[in-house]
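Chains: A, B, C, D, E and F, in written order; residue numbering restarts at 1 for each.
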Amino acid sequence: MQKDMLLDFKAEKVVTALKEGKRLDARKVDEYRELKIEKDIYQNAEGSAKVTLGNTEVIAGVKFLLGTPYPDMPNEGTISTGMELIPLASPYFESGPPSTASIEISRVIDRGIRESKAVDFEKLCVKQGEFVFIGFIDMYAINHDGNLFDAGSIAALAALTEAKVPKVEDEKIVKGEYSGKLKLKRKPLLSTFSKIGNTMILDSTLLEETAAQARFSVATTEDNFVSAFQKGLSGSIKKDDVDNAIDVAFKTAKEIRKKL
Amino acid sequence: MATEKEEKKVYVNKKGLRLDGRKIDETRPIKITAGVLKNAKGSCYLEWGQNKVLVSVQGPREALPKHTANPLKALLKFTYRMAAFSVPDRKNPKPGRRDIEISKVCGEALEKSVFLEKYPNSQIEVWAQILDSNAGSRAAALTAASVALADAGIPMKDLVTSVAVGRADGKIIVDLNKDEEDAPDAVDMPIALMSNSKEIVLLQMDGLFSKKEFDEAFEVAVKSIEGIKKLQIKALKEKYESKEFEQASKLSEKALPKQPSNLLEKDLPKQKVDQKTGQKKEEKKAEVQ
Amino acid sequence: MQKDMLLDFKAEKVVTALKEGKRLDARKVDEYRELKIEKDIYQNAEGSAKVTLGNTEVIAGVKFLLGTPYPDMPNEGTISTGMELIPLASPYFESGPPSTASIEISRVIDRGIRESKAVDFEKLCVKQGEFVFIGFIDMYAINHDGNLFDAGSIAALAALTEAKVPKVEDEKIVKGEYSGKLKLKRKPLLSTFSKIGNTMILDSTLLEETAAQARFSVATTEDNFVSAFQKGLSGSIKKDDVDNAIDVAFKTAKEIRKKL
Amino acid sequence: MATEKEEKKVYVNKKGLRLDGRKIDETRPIKITAGVLKNAKGSCYLEWGQNKVLVSVQGPREALPKHTANPLKALLKFTYRMAAFSVPDRKNPKPGRRDIEISKVCGEALEKSVFLEKYPNSQIEVWAQILDSNAGSRAAALTAASVALADAGIPMKDLVTSVAVGRADGKIIVDLNKDEEDAPDAVDMPIALMSNSKEIVLLQMDGLFSKKEFDEAFEVAVKSIEGIKKLQIKALKEKYESKEFEQASKLSEKALPKQPSNLLEKDLPKQKVDQKTGQKKEEKKAEVQ
Amino acid sequence: MATEKEEKKVYVNKKGLRLDGRKIDETRPIKITAGVLKNAKGSCYLEWGQNKVLVSVQGPREALPKHTANPLKALLKFTYRMAAFSVPDRKNPKPGRRDIEISKVCGEALEKSVFLEKYPNSQIEVWAQILDSNAGSRAAALTAASVALADAGIPMKDLVTSVAVGRADGKIIVDLNKDEEDAPDAVDMPIALMSNSKEIVLLQMDGLFSKKEFDEAFEVAVKSIEGIKKLQIKALKEKYESKEFEQASKLSEKALPKQPSNLLEKDLPKQKVDQKTGQKKEEKKAEVQ
Amino acid sequence: MQKDMLLDFKAEKVVTALKEGKRLDARKVDEYRELKIEKDIYQNAEGSAKVTLGNTEVIAGVKFLLGTPYPDMPNEGTISTGMELIPLASPYFESGPPSTASIEISRVIDRGIRESKAVDFEKLCVKQGEFVFIGFIDMYAINHDGNLFDAGSIAALAALTEAKVPKVEDEKIVKGEYSGKLKLKRKPLLSTFSKIGNTMILDSTLLEETAAQARFSVATTEDNFVSAFQKGLSGSIKKDDVDNAIDVAFKTAKEIRKKL
């Protein structure tokens, strides 16, 4: 992937400002950008959402297909989560098979949802050992101004909360008919931080991400669990950074959850 | 799927109205907004009935890989991609043969409209992402792409405007929806024109058409394209006049679209709104039916 | 794909001559090159043909495999059409996955056949909802001197007209035994034109194609339908060009059909 | 497939004749035509029983990608590809592991026969397309490829000639067909020689062979290859002497094959024709059985 | 798989022992050997319970393709690959999304420990091949990779040491095996530290953890990592002091690891051996439990 | 694949020495390097082995999966053999899809086993026409100092001789339980020679392979059959070379077989 060389230059300003505790857009270090969630926007999707987080925009849609269960889990359906980084979002995203970056984002969002047991996989069983639903959560980065992890996580959850489960007859999905809404047991949300110098900042812009040495994501649930961690990039973080991130994450996710 | 005694669908009723209440020469509602993506040189969001498409233009920039560069003109690379959830069955994210062919013909349809010779050894990348669909997505993508190219400030001879015409149950109709495309005798014919010169830049067809039917369909298409083109121009004009644009002009170093004066001479369409789908009217969006 | 640079140079002669209404090989603008069709030439193919159109040569073969029908068309088989552009035909064709050019040719030939309902897909049903025939029409460009669209279309149709349908026993194809010949309901043929300057010429040579701004193909049937259009390349055509092309296409295809 | 009481096949009967009536040391009918493709530097069409193969030679030209170029000699790139319809079941167009291995060993088998050192930093591309097959397609492809290289006017030390020998029902036989390859005790051994020097350039084998059987099979192969080589030479000679060739020599700028005199010294085979498959005799094609 | 009346597994019994007899803060036996591959610049073989991993380091050498080169530092390319037979079901040889993610986070975890700025425009390639596995293979791969980098003589700030901690049946335990990972309430949290500075270079987690549990687990991990690091150092020291190494130093031109003095200051662990799995003690291998 | 340029230079010494009948490591032309075979070393594999041949090391593992039989062989299982050339073994092996070299090695080892009928494929049938075992033999080159063909062949056979066949219940493999050991009907082993000048040498080192014009492999069985030949590289061999190679191969394989 090519890169905007100017970004590196501007990133130094981020570092300088943060030394005085300031962000270029005047936010506090633990402050989210303005968040807008639009739901149920596409008819062909069983559930859909568009998330606007500052200038970052991500779209998510849910489709249910019939599949066969894993032999060792005959009565459980499953989900599959993916984000594509397409040139709409950035001149530096390229066409082609999923990049390493998109695979990491996809898997971290997937784990946050899957490991919190947000979706009751047994409810996705249609006929034990024979047919189960596979829920596909497909996300597209539409505008990239940093923190695609959180924007994707919110979009995925928003699309899931609205998702309708297709009606099945004669072992086939009946197009356009639904047996009801998917019920979520938990609402896990990711909160992602950048470490710049010795400071951890929440919800980085693209410019801030350019200045970051390390990235850290925490998924939290409404019943006070963390359901996923992911440290990224070549820098390191400290235990204190993690503790602080967890505290902020609980607070932040609680606010976001109200908007879902 | 079909039971034998299934009632025969009436695609055009005695009042001349179609399944969704449209007249035979009436397109579904179209809304066009230019300049919606901050990281793109140019962009366009277009809703056309249930179809929703978002187009970005990146470049002109160096053609890569280098051996593909043309010293006489820019390459125009068009990518048509359907979101996985934009169709009734989930679309496999890997592009199929249909995606590749549509990308090819849509890219070729745009080439003549752009002064590619201004940018030797460069490439202009157009990406059209279909977010929801219901027949006619390539016409929607192409129409939006031409607006996005203009929004990118790339010099153009004319806009490219597209629509599909065809036949259901013996009647020539414009802008077929999925139900109509599934008619037993359905014909689908996507067309794109540079309407100033009436040049055909895209023409495809599937089905069994007589010469007479083709002539009739072509005439309907030309008329329809005139209306759609006004919406393209209106969207560009709105972008140019918008506050955001003015502010951006002052603050940003980004190359901004110059007012494409030849495109904006005509006034906006003043048409009666007559539509079934509950559609919000927003001041800044163009509509047609 | 690399290109023969000399071709561009020679192409100018094509343009100059056409201004006086002349083609370099002295053909009329609506005149086909000499056409030769050999049929049933390969034993392993269920049907096969070799088409020689001037110096252009294309080979086609048909194989039938058993497959499962689409859920929404339980009693219909289908066809799959492909042309490979291999280095036999041109030093500028490369090994590797199908090129964009070969995908376009394949799909245009496919549509001409499919949309004219030349093949009765219900006749390809073996057992409703369970087994149907998939007819594979595979074409290979052997020598490329222009107009692979039409040469392929003729070869595909010639191979289909000869194709035998395999016998099925115990839900398996019996090798080397056949239940009869495939019956075609229509015989759609493609006629392809190049627009050079203001002239539309039929059945271009490679040199003429190099000089062309636009390409236009029309598939026609014996019962006076057009069953496919495809406009290609970066140039434009006019309504008059289309009208003229349709007229010529009906006439030309009628002559070709006699040779099938 | 096989019922238990199926009669045992007699692969070689009391008269010493095989299932298709051939003698044990008799190949299927072979026809070779050189110079059949207009856009190739050299080419060859070869029929060998049911096997039909068309070979093109492109180049020598610049080796690509550049980092693969060898400053001391040309690369010889050989591609063996089966047409989808050339086998009883449809062949998936994507090359499989068998295709890749055959391409590798056939390419290596040809290298020593060509003066590759004449073309540093270049590549010569040989493409062998199997159009119909019935056991022995790699021997057919390799035999045809060597003729195509000579037709391309590339200087060569000798022709490469190939045949498969093997065993069915305990008997050593030459040029096994599919029925014979399916014998319970079948052994298949493709060989290719530069016959002037008796150098083995390809040797593969599958099955259970005793040393004695190998010796016997090898001898049969060498004898058979002598006959096939005469057909290769005849095909080249016919091309060289043909009217088309003469005309082409005058008119075309294309590099033409020089008469490879060392290859054409010997006369043509005068053998009895004894074959089951109805084969048309054409004056300009070479045959053997 | 599970019958409803299946007895509930006791993951930690009344004596505080786990299913395989380990204590809650006890890792499975670990053996590390440095410098095992002759064609690699550096290498390490590591056994960790049933996990077996072999790591090679190649480079530093020119970064390829060239446009990926960084003029300020070397690229560190980490590849995590499971042998097809290293898992209960056969692993498809094509790398999946899990392989790609693990390769990414492990590579990033190592970057800070290496003085990459010493090698501008270069790349260092680390390949970790899992030969047998039973939970915890990424911790094993990362721990071994850091030893292999040191063995390659590449200057480093500190070793990277990894372990997974987690929960089964409500208890915080270290180094979960597959049975424990399958507990209904299982949490798995791989961590890697540069332990001199207590910097966290890898941290992932799956499952539902309270803040308190995380704190407890983290503490267990840090303690465990101290013990594992001693084994890494011991392995490097043994390599450095081995006869083979001395001989090689004299005979080979290969760049050899300089004694990384800061890493080898501490003595070797003197711990009580307490393990269930029959493990051979070899003089030259480091063990821990 | 890049190459160590120094190797070409050193290879000349190999040629010079061989002219006097000498190998750089003082072996006779028909002498194997020291061979070590370790078996049953990985628990997840149904059978496994590590082979050390001088400095060359190859690891092999066997897994059995359930699959459906070929329609024309309803009561036969099968095997699939592959060797990956990974960067552990050489700085000149690259990540990515199987190279042509690895495909050739894999297929030659596969044929030696398959065509000698070492494995009774009918014994791998679980339920006629429905379920059969597919035995996957996966090999990894760990250190490359020449003759990966033979090292792989020995490793594959050693892993097979130890392989346990999984127990099957309810048409599924029971994890960790076995119905018994795989019985081999024959023990085919490959012996590979390099032709340098006019000399054929057995079991070449990497340096010797660099000097070689041709490669020749013979698979032999204990009951005096050759079960595979493969001539490789651009050079040629003579009938005498083959005769000599077969004699040496029988002798060599007999010795190796004792160590299995």
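Operating definition for what follows: a residue touches a chain if its C-beta (ideal position, glycine included) is under 8 Å from a C-beta of that chain, and two chains touch if they have at least 3 such contacts.
Please read all numbers here as calculations on a predicted model, not as lab measurements.
Trainee: Return the chains shared as contacts by chain B and chain F, ordered by label.
Mentor: A chain counts here if it touches both chain B and chain F, and no chain qualifies.
Trainee: How many hops, at fewest, get you from chain A to chain E via touching chains?
Mentor: Step count on the best path from chain A to chain E: 1.
Trainee: How far, in degrees, do you have to turn chain A to put its CA atoms on top of chain F, rounded to the nearest 5?
Mentor: Answer in degrees: 120, to the nearest 5.
Trainee: Averaging only over C-alpha atoms, locate the centres of chain A and chain C and give their separation in whole Å.
Mentor: That pair's centroid distance is 47 Å.
Trainee: Mind checking the centre-to-centre distance between chain A and chain B? Centres are C-alpha means, answer in whole Å.
Mentor: 31
Trainee: What whole-number Å value describes the gap between the mean CA coordinates of chain B and chain E?
Mentor: Computed from C-alpha means, the inter-chain centre distance equals 54 Å.
Trainee: Connecting every touching chain pair, does the picture come out as line, ring, star, complete or other?
Mentor: ring
Trainee: Record each chain of the ring in the order reached, setting off from chain A and passing chain B first.
Mentor: A, B, C, D, F, E
Trainee: Hey, which residues of chain D end up touching chain C in the complex?
Mentor: 37-41, 43, 50, 52, 54-56, 58-59, 61, 79, 81, 83-90, 93-94, 125, 127, 129, 131-134
Trainee: Of all residues in chain C, which touch chain B in the complex?
Mentor: The touching residues are 72-74, 98, 100, 103-104, 106-107, 111, 114-117, 216, 221, 224-239, 241-243, 246.
Trainee: What residues on chain F touch chain E, complex-wise?
Mentor: Spelled out, the residues of chain F in touch with chain E are 41-46, 48, 55, 59, 61-63, 65, 82, 84, 86-91, 95, 97, 136, 138, 140, 142-145, 175-176.
Trainee: Inside the complex, what are the residues of chain D that reach chain F?
Mentor: Residues of chain D touching chain F: 1, 97-98, 100-101, 103-105, 108, 111-112, 189, 194, 197-211, 214-215, 218.
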